[in-house]
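Worksheet: the structure to be examined is printed underneath.
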Amino acid sequence: MIVDCAVYEDGCRCAGDLPLAEAGEAAQRDGSFVWIGVFEPSEQEFDAVAREFDLHELAVEDAVNAHQRPKLEVYGDTLFVVLKTVRYVHDRHDVESGEIMLFVNRDFVVSVRHGESKLHDVRLQIERRPDLLRCGAGAVLYAVVDRVVDDYEPVVQAVEADIQDVEHEVFAPTRSNPAERIYTLEREVLDLHRAVTPLTPAIDKLARGHYELIDPELRTYFRDAHDHILRVNGRIEAFRDLLSSALQANLTQAAVRQNEDMRKISAWVAILAVPTGVAAIYGMNFDHMPELEWAYGYPLVLGLTAVICLMLYWRFRRSGWL
Amino acid sequence: MIVDCAVYEDGCRCAGDLPLAEAGEAAQRDGSFVWIGVFEPSEQEFDAVAREFDLHELAVEDAVNAHQRPKLEVYGDTLFVVLKTVRYVHDRHDVESGEIMLFVNRDFVVSVRHGESKLHDVRLQIERRPDLLRCGAGAVLYAVVDRVVDDYEPVVQAVEADIQDVEHEVFAPTRSNPAERIYTLEREVLDLHRAVTPLTPAIDKLARGHYELIDPELRTYFRDAHDHILRVNGRIEAFRDLLSSALQANLTQAAVRQNEDMRKISAWVAILAVPTGVAAIYGMNFDHMPELEWAYGYPLVLGLTAVICLMLYWRFRRSGWL
Amino acid sequence: MIVDCAVYEDGCRCAGDLPLAEAGEAAQRDGSFVWIGVFEPSEQEFDAVAREFDLHELAVEDAVNAHQRPKLEVYGDTLFVVLKTVRYVHDRHDVESGEIMLFVNRDFVVSVRHGESKLHDVRLQIERRPDLLRCGAGAVLYAVVDRVVDDYEPVVQAVEADIQDVEHEVFAPTRSNPAERIYTLEREVLDLHRAVTPLTPAIDKLARGHYELIDPELRTYFRDAHDHILRVNGRIEAFRDLLSSALQANLTQAAVRQNEDMRKISAWVAILAVPTGVAAIYGMNFDHMPELEWAYGYPLVLGLTAVICLMLYWRFRRSGWL
Amino acid sequence: MIVDCAVYEDGCRCAGDLPLAEAGEAAQRDGSFVWIGVFEPSEQEFDAVAREFDLHELAVEDAVNAHQRPKLEVYGDTLFVVLKTVRYVHDRHDVESGEIMLFVNRDFVVSVRHGESKLHDVRLQIERRPDLLRCGAGAVLYAVVDRVVDDYEPVVQAVEADIQDVEHEVFAPTRSNPAERIYTLEREVLDLHRAVTPLTPAIDKLARGHYELIDPELRTYFRDAHDHILRVNGRIEAFRDLLSSALQANLTQAAVRQNEDMRKISAWVAILAVPTGVAAIYGMNFDHMPELEWAYGYPLVLGLTAVICLMLYWRFRRSGWL
Amino acid sequence: MIVDCAVYEDGCRCAGDLPLAEAGEAAQRDGSFVWIGVFEPSEQEFDAVAREFDLHELAVEDAVNAHQRPKLEVYGDTLFVVLKTVRYVHDRHDVESGEIMLFVNRDFVVSVRHGESKLHDVRLQIERRPDLLRCGAGAVLYAVVDRVVDDYEPVVQAVEADIQDVEHEVFAPTRSNPAERIYTLEREVLDLHRAVTPLTPAIDKLARGHYELIDPELRTYFRDAHDHILRVNGRIEAFRDLLSSALQANLTQAAVRQNEDMRKISAWVAILAVPTGVAAIYGMNFDHMPELEWAYGYPLVLGLTAVICLMLYWRFRRSGWL
């Protein structure tokens, strides 16, 4: 589905929407370029676009099928960029990912969006920067990359909050076992890692001026985006180390708690063994057991047993077993 | 066993099968090449082919013996490529691997197949693309590489499903111990890794135009194959991390379950200790134990014991020990 | 907030403070440069500085917002350097971090400080080295980098002391479980790692003369700073390995202690089981039990039981169970 | 001890053995070279050889002392290659290692052998390949390298068999604890790794034509050897991962078995607690306990107790505790 | 403290000691150089040396303060090399480290020693090699580097012996817990690693002829030292892997031993439960218990109980629980 199609000339959007058929022609005009936004196109829908702009069959195949890895490839004069968008779903404590593919050429930008992400905002934002738009289609590429990378930040923040949560759970006295949560977080962080890492060298190349399509003035901006993605990457790396340690620490906590339980149980067993043992002794049937004949033998023995039990309880208490 | 032997000229297959003896001559003709498909050849069978096309003895040795690692080597004008094919066997939850070796030259392609893999399909498919076949023997190499790499995808998917299965088992309340399954999966993933990883730089070289045998137009196609193999590789890497964490999480679960069992057992031991202890007390033989003489002493004590046991049961229930 | 603003000419500070408005002009003079120190500026405050010295919008944005990663970037003729300062807070056994950003140009240095760090000291120190100041604005960059890197040393020392502390706790006979402390230290070390590591290649570039802004004479000094940061880095790497092993060793200690407790408990249970068992035997109601009729049967049995218990105690003692 | 000393001319061995004193002279002749095989020489023995061929003192020192790491060094015109030979001793399930050092020059090859390895076979084998011998002394180097690398294969196979053995032991129901075997295998694999890995870049350099001593025609052969060593290396890497996981899995199995034992024990304790508890109740001395007076009270209670025990046994059985 | 100060000319030591004040002048003479040995100098002592030879302030600072990391730096014409010396203290099973710093120039060598190490021996040794001394001051650098690297060997050997010791302890049946020893060894190995690893690239540079100060003839010798340090490094790497596995294996052993203890304890508990249970049954007060009235009831029951206990003992013995 074609969402928006406009001509940009001298840094400004030309008024009015453009039918696809005229877009190819408009794109040829000097100093101007066309930006077509497409949302989850079917093969047929995208075929029209591909024919209009003479896109390479392999790139087209990638653009129609989602679940690509982030990459930057050159097909003739056209850059083909795949970006992974991520979104933290607070209800499910889960990270959802989508994709944005961009065909960028001197004359046109074709952006293909899969999953939820707000390219319309990006369009409005970049339209407010005629100084950048004057640099040509690369400015659109920058605007999209910048947004995608900026959107990683809140996701990373949310995952960090989840990790801190799980840390508290590991060391909390509530005896919960967050092994599954830690594992699920590890999975999420791995997914994030796979979304972010392959993008890093691609943006680096854009920043270092590997492609003459990108106006030199834009390089500084791509370098800024590169720096942001490095920061995100560094934190994701740290997450992996932390979660791996948290899993190990959780195992330790489980072992330590088991030990505590065992000592507690044993202490009670020892306390309970006293009256049974004493009672068994006075349950013996010897003919001559003087205590049995004492008038106050029974309460005395009961009392003594209680005293021993209390003393044991107090000692166990003091040594931290109870 | 020679399976198929045909001349390709100007992007099309010349009618009719060719005896091996004429293949060498046909291969010399300008603008045409011969593709000979061989299946698990004996040394003698392959000697004829090797002599016809003057293949290097070391490459021939590799081609006859299976169990090579993936590689790309240059012997004079001829590229020698070894590819690992993989297949997921659903009955045994196991990954089977085979091999395809290719000798590629301006004049001929010799493909040697070990184990199950469907090169005939690849032949039919590439014959439907005269535009690619016109690029020469490199197109056949592309077609085979593309198929082999595409076939990794379903295997990776199946292994991922197995991993998710094992994850559920780890965290399921059924108390199974999937340590052996996790370990077996690790073995499989390692095998996959060894099949896929060494191929990556080889395809990269093909895509970057290291070999003039490969028509420049085909580079884009090899780059696409390279991208696919990187994606496969990335997922395999993630599998390794996941399985290692799953093994650790499984150990934690075992420890936590042991703790739960221990607490359950201890609770029952404590409950059972009450009647024994009480009974032992009233089994003492003191002369003066007033309770013994009470008319309702016996039911009273039994009832009291039952009440204490029920209270203990309820407390253990509430604190999660039972 | 502008903290200090001075002109340096021929290695010496010109007398008097300078209003910002005149700083730009003064900076243009040959052989002199201006150093403006700013502390946690608001966007408006920093806008004036940015306009005066024509700083790049992206660098300005980074300078106003804290929480950047360490980096060195070039915007036209201006180097933009972000440094992480760290400080060990002894009360909380915690590492606090701040930031210093520097814009360095032939004509000016703008230093922006976030969090606590003593740039004033650095200024006084470098003003005592006219030989270095004569090398231009790069000398200020060196002075700040050197101070920041030197300040890592005491933090690393303090963390090392904490690690040794935690090691003692792991192997101490006091049965404490320092899993949480180890984990917290791992977190701290990761933060340190993220503060220090990205700086290393940046300082290396300064030392290798990548930037003509830096006087060749200063390269040796930057190389010295690079060497210091490598030393810090090496120790941080070692911390990570140590803490990971400490976590594992702690788990082992927990397991071994549990075993010791179990054996201790079991020994007592065995000792207590003797009187109960013996008493139960003499509590049987057989008509013919000769011992029961012995005059000294009761004390004999009691004594025998005590002897057996003592012997058991002695044996358990000897075999290390008690 | 000099084992064999012969002149090779135009790809063939000249008849007769050569005394060392004439070897130096013979080596000078054009188009011919001398191959001297030495076995565990003493310093004095080797001194004669070293003087005859003017070998560098440092290389000589390395050649006399065993326990070098694999390497390739250039001393003037002479290549000095150290190779580690390995052999699997089936009786002791152990890997034994030896060394072969080679001095290779246009005019001579001096091979020094430490430990068991069959250089005589290599000599016979290469003498059957005059086409290779015609390439000069490099052919001998190839022949030795090829044999050493080929000999890694059966060792790797044997170690793999040991690993599979130990895997079966880990997951077998026999409750053995193969921790020590796993650890010993890890040690062996590490030793293998240290024998094989440093050789890889050395052979790569030989294959890439870094040394003009090596005839270009031999490069293909060295590339083949390089490929073999990469394959060996890949498997050794995989062994390390597998053994590390096996150790972890073994720990899990130990924990799971402990849990099983604990549940089994607890079940029996619970079953045994029933008769004791019931008997204690009917051992109370209340005056009014109607059951005691029943004619069939005793068998009834015994039977009831037995029934309860059997029911418990059956329930534990069903829930997998017994 | 200046320990020795001598002029070397044409490979030989000129007779007599030299006062520092004349050393600078002597150093200027063509074809000769001065070697000054200093031991743990105070700042003032070293100032005189630094002024005499015009050493760079940063290098001087490093030379006076110990605890540098190994490095090689160039200050103008002077190489500044820091080496870590290590020594194994057999009494404390500990590795002690010292430092040697060298200023090497065409005209002089200043060696600064911190901690114990025998530079005097090195001096005597190199003085016996006029062929090397003729290569200039670089020969002294080689002699010192060679000695330092050679001294790593016995330390590595001693640590390896310690590791084997600890391995035996892990798998010994004595039930000791060497977790702390393993951890301490890990610390030591890390320290060794930090002493050795940074030296490797420095010596490599010396061997590859990066510095024209080093006579080409010495390169071979530095290559030999580089090879030795690589060997040391490889073993240290292996130590780290081994110790990490040993820690894991130790945990497994602890778990397995706990299981064995638990089974042993449980077996005894089961055996002890039999007489108590049987005695409790015959302690019941039923009016009609025929066995109680049997003449030989008591010894019969005692005997039966003993038989059951022995049978249980025998079964537990056979199944490996006792």
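Things to note:
So that you can tell them apart, the chains are marked A, B, C, D and E in the order they are listed, and the count of residues begins at 1 in each.
Assume a residue touches a chain if its C-beta (ideal position, glycine included) is under 8 Å from a C-beta of that chain, and two chains touch if they have at least 3 such contacts.
None of the values given here were measured: they were computed from a predicted structure.
Each step here moves to a touching chain, and the least such steps from chain A to chain D number 2. Chain A and chain B carry the same sequence, and matching their CA atoms takes a turn of 70 degrees, rounded to a multiple of 5.
In whole angstrom, the spacing between the mean C-alpha positions of chain C and chain E is 25. Taking each chain's centre as the average of its CA atoms, chain C and chain D sit 41 Å apart.
Taken residue by residue, chain A touches two or more other chains at 248, 251, 255, 258, 262, 269, 276, 280, 283-285, 289, whereas all remaining positions touch fewer. Arrangement of the chains shown, judged by which pairs touch: one closed cycle in which each chain has exactly two touching partners. The ring of chains, read from chain D with the first step to chain E, runs D, E, C, A, B. Those residues of chain D that touch chain E in the complex are listed here as 56, 58, 62, 68-69, 71, 73, 75, 177, 179-180, 182-183, 186-187, 190, 193-194, 198, 240, 244, 247-248, 250-251, 254-255, 257-258, 261-262, 265, 268-269, 272, 275-276, 279-280, 282-285, 289, 291-298, 301-302.
Residues 167, 170-171, 220-221, 223-224, 227, 230-231, 234-235, 238, 241-242, 245-246, 248-249, 251-253, 255-256, 258-259, 262-263, 266, 269-270, 273, 276-277, 280-281, 283-289 of chain B are the ones touching chain A in the complex.
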